[in-house]
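Next come two complexes built around chain A: one with chain B, the other with chain C.
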Partner chain A sequence: MIINVKYFGLIAEITACEKETILFTKSNVSEFLELLYKKYPNLENKDFQVAQNQELVTQDALITGNELALLPPFAGG
Partner chain B sequence: MKDKKIKNVFKEGAITSEFIGNSIQKHQSKTTIGAHNIFLGQVRADVIENKTVVAIEYSAYEDMANEKFDAIREATFKKFDLTCMHIYHSLGTVKAGEICLFVFASSPRRKIVFKAIEYIVEEIKAHVPVFGKEIFEDDTHQWKTNK
Partner chain C sequence: MNRYSRHIALSEIGQAGQNKLLNAKVLVIGAGGLGCPILQYLAAAGVGNIGIVDFDTIELSNLQRQVLFGSASIGLNKAEAAKTRLQDLNNTISITAYPKKLTHQNSLSLFKNYDIIVDGTDNFETRYLINDAAIITNKPVVFGAIYKFEGQVSVFNYKAGPSYRCLFSIQQEKEQSGHCEDVGVLGVLPGIIGSMQANEVLKMILEIGNILSGKLLLYNALNFQSSVIKINKSEEKINKILNEKHAFETKTMSFSCNSETTQISIEEALKKENIQFIDVRETSELPKIEHITITSIPLNDLEKNLEKLDTNKRLIFFCQSGKRSKQAVSILKQLKINNCFSIKETSSEIKKQLENINYER
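Up next is the complex of A and B:
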């Protein structure tokens, strides 16, 4: 399936883009991250959370399509 | 299901004293209110490894952030007997000394608004996907993390 991925803050600096579409053939978030780490090895030791369709998800969550976002530590306020 | 319109909390650039003043004035017609409490977040000129922060450039996962702000608003109204509340957060560049967050809670009586403001601000810091790039005077930067 095609995943729309969004990157923010420090993560977007590493990927050098704020969004892209990625073809994904496996099932969960951790498998998706493995794929991303191959493309962006510098992501692997970075602190971030993953949101799917605008809700935070854990690494074993199934990917249901639509939108994933990689969110570095929050700094609001 | 999303059948209601989610309010946009973000404002481009710093939140001005004029904007804050106008917000206070707008509440003068709501005469059941007996207590307002306001929290203002201000950009600090932190010194990190001998370099001074001159501004923070804010970005956000805006759709998710506005959903979170809305959820915080709903949870706050359930928890506290407020007459009204407003949240505004900056996007883009806010210089040191300028305001980047304005939270305004109003209630008939004071004790509730003291507690409500703390709750709202802590929820924002913990749960809203806003990111801050701290810009130093020599144009280098680092990414801010809420403690």
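Up next is the complex of A and C:
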């Protein structure tokens, strides 16, 4: 399936884009992240949460929608 | 003419709503980029009791975004300078300045005196401290955070809603490393995000509209993109804080974020005269640094070995990644030992640079 992925903050700096489409053939979020780490090895040690269709999901969640977002925490004030 | 006539004219507010604002007690932590617009709008709106916590002093580079301050405020404490400005903006409200660092020891008693806590801080360690103290004292937190051109806003712990830990729970070690954002930020961005935080505070007090509880608002100032992400509550994470609350006041902070001018490169460090290099890694850590004279004091032993520091010299700290050296500087700052610097580069980068310089010679 085709996933639309959105990146924020430091994550978007690593991927050098704010959104892209990725072809994904497996089933859950952690499998999707493995695929993403192959493309962007520098993402692997970064902190972020994953949202699917505008809702935070855990790594074992099944991919059901076609939109994922990677959200890093921001500290600045 | 009534100061609040434009509020009172709104049927959603009226005199009754204005009275709610007057009776409200709001504690704003951090009077920096976010804190300034938050405080400005809360004071102007007539929030009757405002507390301001900030230990930091105003620097020239703050004025690009910290709009309560001017050139004459440089060097003053932020909480006190903000109070002076706000009291001029609205002399009918009560403002208390707490010119000190928020800690595990003072946060619970401080939070108990207020209805709403607003997080305008700049580091993870204080953000988790605020979150945990708010869970223990059962206070809602209006959260805002920024990164370069992007911002995040949410309301935590509101009517038993999700907390910051339900959104982001990062590793303990990283939590304590602080992650100070001494990166750039568009000056107006904290103005936008801080104003959104002030808006959430006012709506909560007035009991109007929808509150950003259980939701994270993301805003990008470059392209107007905003998204709202749903956050689910983790009872497990909240209960862990409540179960450990007896030990809360015994915990300590390891990090301070006042490091805007204390981080330097190895190149800059070598140009300085009258310096002492201090390696705060464990003695077994590699690579060893050669070609310069180094005092080795592992970070954990720093406070026991202050006599090894030559305080007549500039003290230049380094470590494996640049994090522990930053902590060393902030520990010494708290002990009133200034003139300390932390090298930005990793130990292997330092080694490489020193070798290059040595070959050139």
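Rule of thumb we're sticking to: the second predicted complex is superposed on the first by the 73 of 77 C-alpha atoms of A that agree within 3 Å, B and C clash if a C-alpha of one lies under 4 Å from a C-alpha of the other, contacts with A are read in each partner's own complex, and residues count from 1 in each chain.
What we mean here is this: a contact is a pair of C-beta atoms (placed from the backbone, for glycine too) under 8 Å apart; a residue touches a chain by one contact, two chains touch by 3 or more.
In this text, all values refer to a predicted model and were calculated from it rather than measured experimentally.
Set against each other, chain B and chain C touch different numbers of residues in chain A, with C touching more. In the superposition on chain A, A:A51 makes contact with both chain B and chain C.
In the superposition on chain A, A:G76 contacts both chain B and chain C.
Taken together, the two complexes place residues 6, 8-10, 51, 54-55, 69, 71-77 of chain A in contact with chain B and also with chain C. On the side of chain B, the complex with chain A involves touching residues 41, 56, 58-61, 63-65, 67, 89, 100-101, 121, 124-133, 143-146. Partner chain A is touched in their complex by these residues of chain C: 30, 32-35, 119-124, 127, 144-148, 150-152, 167-168, 170-171, 174, 178-181, 183, 185, 190, 216, 218, 220, 223, 225, 227-232. By the touch rule above, chain A contacts chain C in their complex via residues 6, 8-10, 18, 47, 49, 51, 54-56, 69, 71-77. Residues 6, 8-10, 51, 54-55, 69, 71-77 of chain A touch chain B in their complex.
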